[in-house]
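Two complexes come next, and they have one chain in common, chain A, joined by chain B in the first and chain C in the second.
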Partner chain A sequence: MMDAGRHQNLTLLAYSEVEHVTGYIGNFNVKIRKKARYVNEDECTACADCVESCPVSVPDEYQQGFSSRKAIYIQLPQAVPSAYLIDMDNCLGNNPIACGKCKDACEKECIDFDMQDEIIDIEVGAIIVAAGMDVYDPSEMDEFGYRSYENVITSMEFERLICAGGPTEGHFVRPTDYKLPKRISFIQCVGSRSSKNGNKYCSNICCMNTIKDTLLLKDHYPDVQSKVFYIDIRAFGKGFEDLFMRSKESGVQYIRGIPGDVWEDPKTKNLLLSVEDTTIGKVQVHESDLVVLSVGVEPRKDMKKLQHLLTLSNSVDGFLLESHPKLKPVDAPTRGIFYAGCVESPKDIKDSVTQASAAAARASIILNAGKVEIEAITAIIDTDKCNYCGVCARVCPYNAITAPDRKSGVYPTIIQAACAGCGTCASECVQDAITMRHFKDDQIIAQVDAILEENNMDKIVAFACNWCSYAGGDLAGTSRLQYPTNVRLIRTMCSGRVDEKFIIHAFKKGAPLVLLSGCHFADCHYISAVTWTQRRVERLWNKLERLGIRPERLQLEWISAAEGQKFAKVMRELEEMRKKVTDKEVKETMEILAKDEEKAKAKKAKQAAAG
Partner chain B sequence: MEDEKLRIGVFVCDCGLNIAGTVDCEAVAKFAETLDDVEAVVRNKYTCADPGQNEIKKAIAEHKLNRVVVASCTPKIHEPTFRQCVADAGLNPYLFEMANLREQCSWVHQDEKEKATEKAKDLVKSAVARSRVLEPQIESEVAVTKAALVIGGGMAGIQAALDLADAGHKVYLVEKEPSIGGIMAALDKTYPTMDCSI
Partner chain C sequence: MAEKAKFKCLRCGHEYEDKYTPKVPQERTCPKCLSNSVRRIEEKRKA
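Let's turn to the complex of A and B:
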């Protein structure tokens, strides 16, 4: 912490928030709001003279509310920057009648009630997101009596109570009588691994944290008896099993089973835990002086705001989605942005440090190179065809397209460095003004034509996105999963590239069945492009129905890179569907579409004549 | 480029027995010869190996090929290999196309050799059709601002910022709270070392 405060290459902006980010890899423009502290950060020596004069006391968040702080305060004794600030929500204000005492007490005259927020604009080439996580709050569901009984605390509160810098200076006491609890029960997986309360995932850190807590108690108070109620103990890291064994050998009891009920003895304020020990299949009641809930972690409450700020998406668990879960675990899907720590998934200090160093190394690659290569698979716009509708700018998941302005004649522009090449804009542009390089309309249509030129009735035309569905097909291959030979895959970078006209063209050329497959919503490699795919397909289903073509002949599937089994299953199901499509039906479809095309042409000609 | 006559080379890979064990590669190669604009067809045991790549380079020079189609495995493995190979031979790497005869054909249709061979022909035909309309592409470069932003001053943010700063880069570390340290700063001791968190 101290190093970060004094490194010459590092500008520390504490009590600050990123408000706006624009740009792309290598060239991000960032607007930061540095909030007013009302205390001059550079001059303050943290002497604490001001504190004594402040008449306002509020619960101290850092001490988990176990003690109080003043309206002028320092977050923690070792704070970096080591400077006080005024909590204006609670301060009485600089009014001679009301207060202003701190200002008088500060000999160095660091206090400035007129201080304003400062807006700082910076330019950077890479961004590391290390915004962290939230600790699970068991109060909402009153889990294990957390809200009802004072002697039920969380593992975060435990930390403050056992810490020498805590409200009791490290003398471990329980809240009701300030006495050392002799029997302490830890309940694991609070807010984790549950489909009812909290989150379904394992929070990763809580088992080891409890093991650590039991060892600390043994170290400080050898007579204290600890019990740990658990589902499984997950001590998988280096040196973790040793700590677990040490804890067990020191006499800590590990009981497999999570209490079904916790209630308080109103006289003693002790807690009674009813639990089935699943190793012996018996329900027992354990009496404890204190219960510690081993709480999990969850995504930050302001995650959506952060995602919006940086155009990032989240995994199903709500943490930030990485570019690839195995091979690019530190990269965001947006180039030039990297993840470190719990913002990506729950992890302990060692893993956070490891990922942080990896993120720094990944960012260094860009910064050291001094230039970045922009892939040639990007969209380009032909402004002669553009009619300023702006749909391209709206659908771009990367904000890579600037919005047009019809009045002033400004066309949309595609920032090449920010374009990731999903092709959604090209598919959505009704004017066909956007060309997706290397995945142009004629390049894809050439494949459709080649497939359907002969024996069209036997073929299923399948569009598959590069990252998920095509990779799922590859996995089916490496797993040697057998399926019928009728499907012909056409690879696009993203399902977003699959234009309505490719599908219509396939039907026009006699395809009995067409599949469009992409990533699941949570794994879309182009953030939200897949949502546009779905809308497009829904639109197309309506159109097919209107034209009298069975919409089922266009199938939509989400297949991930890990779902080889699903890929093979879908291929088998498609073949069954294909068999049911008759020659007559296909011919009718071809006629309907030919007529529809004639009609559209005539309409266009009429419009051109009128216009 | 536009007016230049198309001269396509097709390279059919056996991949040992991975493809040739199911697909009749000789029949696929013969079929490729019948396709319009195909100037050269070469069959290889392993096209990705150096001898296979040399065949591609040789054929590009000999037949003045301006499109290359490799019918082998998934592009997710060897597309970069072959793009580099054709670039070394002086062809724009975007004038290269692959047909996936292994993951999406021979390995998934092991019991239907004839049908697999027919599918393989279709995949080659489709790749050749696409290759005809491919265009050369130039990868562009943009300059990089030599500074980094780290959002969040907890354990991870501090470490990332210090590493970047130590590497000589300008770093901005932005923390929402009045002090850096994050949740770690509220912990007493930490595992597995059982030492102080700050």
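Let's turn to the complex of A and C:
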């Protein structure tokens, strides 16, 4: 932190919040609110004279509420800059000044009650999101007695109690009697790997954190007996197994089983844990002086706000979704934005540092190059066809299209560096004013024609997105899974590219069955493009029904790159459905759609004649 | 506001009730056959 604060190429804006981000890769504009500290951070020497004079006392968040702080305070001892700030929510008041004792005490006259928030606008080429995570709050669960018993604490609270800079200056005591607990029980996976409480995922760091804690206790207090209650110990990193073995050899008892109940002896305030040791299949009761809940981590509470700010999406677990889980694990789907640390997934310090280094390197590539190479699959607007409706700008998941203005004759423009080529704009534009390079309408329609040219009744036309469904088909193939050979895939970058007219065209050309497949909502490689696919399919189902065509003949499926099995299963099911579509039904559909097309043409001609 | 709505699976024909938020697209899976071809049955269509 100190190095970061001193580095000549780094500007550290502490106690600040990003309020608005516009622009695109290489050209982001960021609006930052630098909050008023009410203390001149350049002049403050952190002498603490002000602190002694402050009459306000509130629980210290950093010390997990085990001690108190004043309204004028430093958030943590290692904070950079090392300067005080006034927590105005708890200060007796600055307008008018109700107390002012800190100001009187400060010889350097650093305190300014009139200080205002400052708005800073900066231009940056790349953004690294390292906003961290939150810790699971076990208050919602009752079985471990966290709400009821003082001697049940979380692993975060344990950290503060054993830390030399903590509320007890490193003297480890339990909350009820301030005495050293001789028997300590750690309960693993609290709020993790559970479909009942907390989160379904493994929080990654808790096993090693507990192993570290048990060794720390052995170092400081050799007589303390530690027990760890676990589902399984996940010590998978470099040197982790050694550390686990050291913990076991030092006498820490590892018991495979999570306590079902924890209750307190009202006299001694000791805790009793009822647990089934699954290695021997017996229910036991263990007595402890202190219970530590090894709590998991979870996405920040304000994650949605962060996502909205930077146009990002999240994976099923709520952490930020990367551009590609294997090939671009540091990149956000929005180009020019990178991730570092737990904002992307739970990870330990080493992994966070690795990802942060990678993110810095990825960002420096952009900054050093000074120009951005884009794939030739972006959108182009034909202003001759555009009628200023603005749908393209509204549906673009990347905000890559500027909104048009009919009054002043301003057409929408596509920021090529920001366009990812999903094609949602082209599919939603009813004027056909948008062309997707290499995925043009006529190129896709030509594929539909080629598929249905011969033996149309035997074919299933399937549109598959590049990243998930098409890759799922690849996996089915490389895994040698059996599925009907009459499915014909048309690859688009995203299911968002599949225009209503491609599907109607397929039916018009005699397709018995059409499949539209894309990524699962949580895996969408184009942020939210898949939601527009869903809307479009729902619209199409209604249209087909209105025309007297069975909506069932248009099938929708979300298939991920890892779901080769699902791909094969869906294809087998579709083949069964296809067999039931009769020649008569297909011919009727073709007639209905031909008539509908004639009607639409006549309507258009009438409108054109009317001016 | 989430409300309840009727859905029909266009793969197996199974009909069921589920939570529904108007204008918010949601990934749906048929509880019977696990297909994603799930369509909301609007009330007016029933009459």
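The rule is simple: the second predicted complex is superposed on the first by the 605 of 611 C-alpha atoms of A that agree within 3 Å, B and C clash if a C-alpha of one lies under 4 Å from a C-alpha of the other, contacts with A are read in each partner's own complex, and residues count from 1 in each chain.
In the analysis below, a contact is a pair of C-beta atoms (placed from the backbone, for glycine too) under 8 Å apart; a residue touches a chain by one contact, two chains touch by 3 or more.
On a predicted model such as this, the values are computed, not experimentally measured, just so you know.
Q: Is A:W541 in contact with chain B, with chain C, with both, or with neither (first, second, both, neither)?
A: The second partner, chain C, only.
Q: In the superposed arrangement, which partner chain does A:L556 touch: chain B (first), chain C (second), both, or neither?
A: Touch partner of A:L556: chain C, not chain B.
Q: What is the contact status of A:H171 with respect to chain B (first) and chain C (second): first, second, both, or neither?
A: Touch status of A:H171: no partner.
Q: First (chain B), second (chain C), both or neither: which does A:I374 touch?
A: Only chain B is touched by A:I374; chain C is not.
Q: Check the contacts made with chain A and report whether chain B or chain C touches more of its residues.
A: B
Q: Which partner chains sit in contact with A:H520 here, chain B, chain C, both or neither? Use first/second/both/neither.
A: In the superposition, A:H520 touches chain C alone.
Q: Spell out the part of chain C that touches chain A in their complex, as residue ranges.
A: It is residues 10-11, 25-27, 33, 35-37, 39-40 of chain C that touch chain A.
Q: Residue numbers of chain B touching chain A in their complex, please.
A: Checking each residue of chain B against chain A gives 74-76, 94, 100, 102-105, 107-112, 115-116, 118-119, 122-123, 125-130, 132-135, 137-192, 194, 197-198.
Q: For a test of understanding, state which residues of chain A touch chain C in their complex under the given definition.
A: It comes out as residues 520-522, 531-532, 534-535, 538, 541, 551-552, 554-558, 570, 573, 577.
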